[in-house]
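Structures incoming, each one as structure tokens.
The following pair of complexes shares a single chain, subunit A, combined with subunit B in the former and subunit C in the latter.
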Partner chain A sequence: MKKIEKAKLNDLLARLAEASTLYLPVRKGGKVNFAKWTKDEEYCADELKTVKSAKDVFFPQSENIVSFKRESSKITILPKELPTDRTVIFGVRACDAKSFDILDSVFMSEPADSFYTARRNSAVIITTACSTPEETCFCGVFGIDPANPGADIQTWFVGEELFWEALSEKGKALTEELSDMLSDADEKEVEDEKSRISEITKQLPLNGLSLENFGGDKTNELFDAAQWEKLSQSCIGCGTCTFVCPTCQCYDIRDYDTGNDIRRYRCWDSCMYSDFTMCAHGTNRPTQLQRFRQRFMHKLVYFPANNNGEFSCVGCGRCVSSCPISMNIAKVIKSFGGDNK
Partner chain B sequence: MSCTCNHGENADKLVPVRAVVTEIRTETPDVKTFRVVGIDGSNCFDHMPGQCAMLTVPGVGEAMFSITSSPTETEYKDFSIKRCGLLTDYLHTMEPGQEIGIRGPFGKPFPVDTVFKGKDLIFIAGGIGLAPLHSVINYCRANRDNYGKIDILYGSRSADDLVDFDEIKNEWEKEDGINVYLTIDREQEGWDGHVGFVPSYLKEIGFKPDANRIAVLCGPPIMIKFVLQGLIEMGFDKTQVYTTLELKMKCGIGKCGRCNIGSKYVCKDGPVFRCDEIDELPDEY
Partner chain C sequence: MQKTAGLIKKRVLELLADGTVTKVLGWKEGDFIYDVTPASFLSAQEADGLVYSSFCGANLSKYLISECKALTEGKILALLKPCDTYSFNQLLTEHRIDRDKVYVIGVGCKGMLDIEKIKAMGIKGITKVIDNGKELDIKTIYGSKTCKREDALLEKCLCCKSKNFKAFDEIIDPEPETKEEKADRFAKVSELEAMTAEERYAFWQEQLSKCIRCNACRNVCPACSCMKCVFDNPVSGVSSKANTDSFEEKMFHIIRAFHVAGRCTDCGECSRVCPQNIPLHLLNRKFIKDINELYGEYQAGEEVGSRAPLADFTFDDAEPSVVNERGNS
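So, the complex of A and B:
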């Protein structure tokens, strides 16, 4: 266990930013999100949850994947070079850290997405324990412990100090690079902090949700259930839940003509949108009920069927706080008998 | 300038390679067959019957098409494409010599070298649904000894809408061991063949539900539904019936999420499915 005074944290971040591209929660336009950090910006260490998850460090909201030139009947194809610079993400919460494992099983399964894989392989993830989990948090339902956030390095803010524990080889190597700035620390204070966090999580209203009615073998039982109609009734199909979700990974591919060349870009998309599955002969999900059901069935049934029972939700609660009609995955779980409280 | 042809092993699956459309054949008022060859004269990539490829027109877009030619035609790939959207409208305006992008192959093929081997095969297609079956039929013709009797039931709205009509008349119909049944929806001057929908013609023909028979279907969903029903009534088991599904696709590798039905992705777990496998999927295709 290592530690650094909070007052010296900016020096450590500056060092990280010199040797890597450093992402951490910063405030822009009144909203805190993960962004490239520069010395003039303030690290919003107290912000429990960024508006969007940390996923766009590896899976950007929009990115060019190839460009083309067209000259009469000839075309030129210019693949985009893969990012190789070391990236450090600092201040990732336990839920977002777990979401990377879930995204890995999508993007890094064969055939791997080389853009995601390149970013993922060159990144060191530094997590920070949640000192004040909120009532919208239910990561515990998915076996996530906000007091032990994991990843390459995990940290805790306790009093005027940041405690630092390297877990992976990557994390240990980075810690070694910073050894002159970190001092040895006693684990006692961190243990006390963990206990304090655990006491809070025990009292969270959504942390008792039960997933026993969901899983990879539940397609037939759940697909035609009567609940979907009521649950989806007010959904306006805005897609906010999918955009703030750390595990939603559906994307679109489109071309944009700049006048000079044609850029083919990949951008986030949403299964909640009516044109998501629209093709020349129509769409196979013409109603919002079908689209709504698809999102939750995917997270709670289809994804577990393909991934050894693992659910595609980390209980971050972003959808709980951002849905304009107050519908969310916690309510879906409850309506199928998952409310244990 | 950087490489403009094949991008080597490290290229992402989402990045197409250059190819050229060498021939364009008008099949029907709204279907053309495009012959595609790699920019270096190669065949772009190997495929098996039932697999698909993404075709790109830069600035217009990209879409998934079934490969119409058989893998035994090793010099090129053919794509029979119906004009029905932005990209296909553009493809239909192209002239031979135009370069496009291609990537693939995607999806699981028909089990032509395993399950189909030694079997009598019944192919049932409607309209542009012949496109993916054309690849299987010609593969079986090229490896004729591996298969038993071949029956082909093909229908379209009108005589003018029958795809590959010349090849059917001049090659398929003339081969021993191949029976071709053509039908059109409505009476038409100059047509002395069968008139009526594919499912009702199927009943008239009345194929025997021999355990050694496999049926392969492709066509509009309504045709598939009634043909499958007809086959079951005749005594066929769903495990003897194969079809190929079509849904919106963007990536082709089971990641973009569009063609997800239940725990399957049509682009990578399909597009070929056995009909009893389809029964296990939620009714959303």
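So, the complex of A and C:
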């Protein structure tokens, strides 16, 4: 266990930013999101949840993947170079850290996504324990512990100090690089902080949700359930839940004609949108009920069916607080009898 | 507010029982008081789950478009706040809903609460909010807190259009028109107008670059009622889900503001639902302010059938060349 005074944290961030591209929660236009850190930015350490999750770093909302240029009769294909620079993401919460495992199983299983894999392999993830979990948090339902956020390095803010524990080889190597800035620390204070956080998580109103009625073998049981109609009836079909979600992974690939070249880009897609997975037949999912059902069946049934029972939700609660009509996965789970309170 | 909720429930049950209405559009309870969900109720038994509170800020008018289409018999009861009735009238003007199919209960409003504002005060872990009229008692997992009610009002309520209903079949618990000085809804617009072009550009650049293209602003907007939005139509050439660059965001939001100009009632839903808190209502208010200045005061939804200045012609209309004379800074 290592530690650093909070007052010296900016020096540490500056050091990290010298040798890597550093992403952390910063405030822009009044809202906090993960962004590239520069010396002028303030690290919003107290912000529990950024609006968007940290997944942008590995899976940007939109990116060009290849471009095509035509000169007379010759067409040149210009693939985008893979990023190789080391990236450090600081201040990731336990839920977002777990979401990377879920995204890995999508993007890094064969055939691996080369862009995602390149970014993921060159990144070091530094997590921060949640000192003030909120009522919308329910990561415990998915076996996540906000007091032990994991990843390459995990940290805790206690009093005027940041405690630091390297977990992976990557994390240990980075800690070694910073050894002159970190001092040895006693574990006692961290243990106290962990117990304090655990006491809070026990009181979280949504942490008692039960997933026993969901899982990979529930398709037939749940697909035509009567509940979907009431649950989806007020859904306005926006993509807020999917775009703030750390585990939503669907994307679209389109071509954009700049007049000078063709840029093939991929961008996040949302199953809530009417043109999601639209093919020539034009009958993908014509009703909002079907789109709504797809989102929750994917997270609670189809994903576990294909990933050894793992659910693709981490209980971060972003959708709980940002849905314009306050409909969310917690309410879906409850309506299928998952309220264990 | 509990009294209002009780009166609403009583009337809803009576109107369902006597057959005046066959469906009710209202709100269903959530997990933390503030997360009520718009919902419809088809029977007295279902209507048992109907709630009404200071967090019912959502404008339910737009749901009436699909509800009117789906309704085969009887009427649908809609609970509308005074500000919602402007959107209701505007939708009637645009022939998007059928007045004969809707039974409007106007519900008096003291201003609705914005949970985001309460959270922004640093109040975390909110499990319950009790509205005492002047103050809010807030229960959290970190203990009890209080805040002033006026500090937690939705943006749209700070410059409330009116306490009077522009459409209704009956009214429950009306509020008298306040004598208090309302905030000037164009104050921030004037502030932006007074900026240099560079400052204004920087302001919007910072705000609009936060956009995640979730389309919540568009989908919630009662004036955005196209059957198929141009941005969802792959053959339109502008269809895009990507926030490819900051230009895209500006284009999307400015086109949307142009499209609803003269029809926007300033209901504020776009800003309420934006997960990134982009003050989108300012774009709409700029159009409203310009329309007022160039064509005379006009409030969309004030009355059914009014001709919006941009859809009308009079000999007194401003000449197009006015663009050159105005704000070149």
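Brief remarks on what is shown
Just so it is clear, the second predicted complex is superposed on the first by the 337 of 341 C-alpha atoms of A that agree within 3 Å, B and C clash if a C-alpha of one lies under 4 Å from a C-alpha of the other, contacts with A are read in each partner's own complex, and residues count from 1 in each chain.
The rule is simple: a residue touches a chain if its C-beta (ideal position, glycine included) is under 8 Å from a C-beta of that chain, and two chains touch if they have at least 3 such contacts.
Fair warning: this is a prediction, and the values are worked out from it, not measured in the lab.
Superimposing the complexes on subunit A yields a three-chain arrangement in which subunit B and subunit C fit side by side.
In the superposition on chain A, contact is made by A:Ile325 with subunit C only, not with subunit B.
Of the two partner chains, neither subunit B nor subunit C is touched by A:Phe292.
Contacts of A:Ser114 after superposition on the shared chain: subunit B is touched, whereas subunit C is not.
When the two complexes are overlaid on their common chain A, residue A:Asn306 makes contact with subunit B while staying clear of subunit C. In the superposed model, A:Phe138 lies in contact with neither subunit B nor subunit C. Legend: residue contacts after superposition of the two complexes on their common chain; A:Lys52 is shown touching subunit C, with no touch to subunit B. Angle at subunit A (Cα centre) between the Cα centres of subunit B and subunit C in the superposed arrangement: 90°, in steps of 10. In the superposed model, A:Gln203 makes contact with subunit C only, not with subunit B.
Residue contacts after overlaying the shared chain place A:Lys31 against subunit C, while subunit B stays out of touching range. Within the superposed three-chain model, A:Gly239 lies in touch with subunit C and out of touch with subunit B [touch as defined at top].
Measuring only between alpha carbons, the smallest separation of subunit B from subunit C in this overlay is 7 Å.
Counting contacts by the rule stated earlier, residues 252, 254, 269, 278 of subunit A appear in both its interface with subunit B and its interface with subunit C. The touching residues of subunit B, when paired with subunit A in their complex, are 1-4, 7, 10-18, 56, 58-62, 84-85, 88, 95, 97-101, 220, 246-248, 250-251, 253, 255-263, 280, 282, 284-285.
On the subunit A side of its complex with subunit B, the touching residues are 65-66, 68-70, 73-79, 82, 106-107, 111, 113-115, 216, 219, 223, 249-255, 257, 262, 264, 266, 269, 271, 276-281, 283-285, 290, 294, 297-298, 301-302, 305-306. Subunit A contributes residues 28-31, 33, 48, 51-52, 61-62, 132-135, 200, 203-206, 230, 233-234, 236-240, 242-244, 252, 254, 256, 265, 267-270, 273-275, 278, 320, 322, 324-328, 330-331 to its touches with subunit C in the complex. Interface residues of subunit C, counted against subunit A in their complex, comprise 30-32, 34-40, 58, 63, 124-127, 140-142, 206-207, 209-210, 212-216, 218-220, 232, 234, 239-244, 272-273, 275-278.
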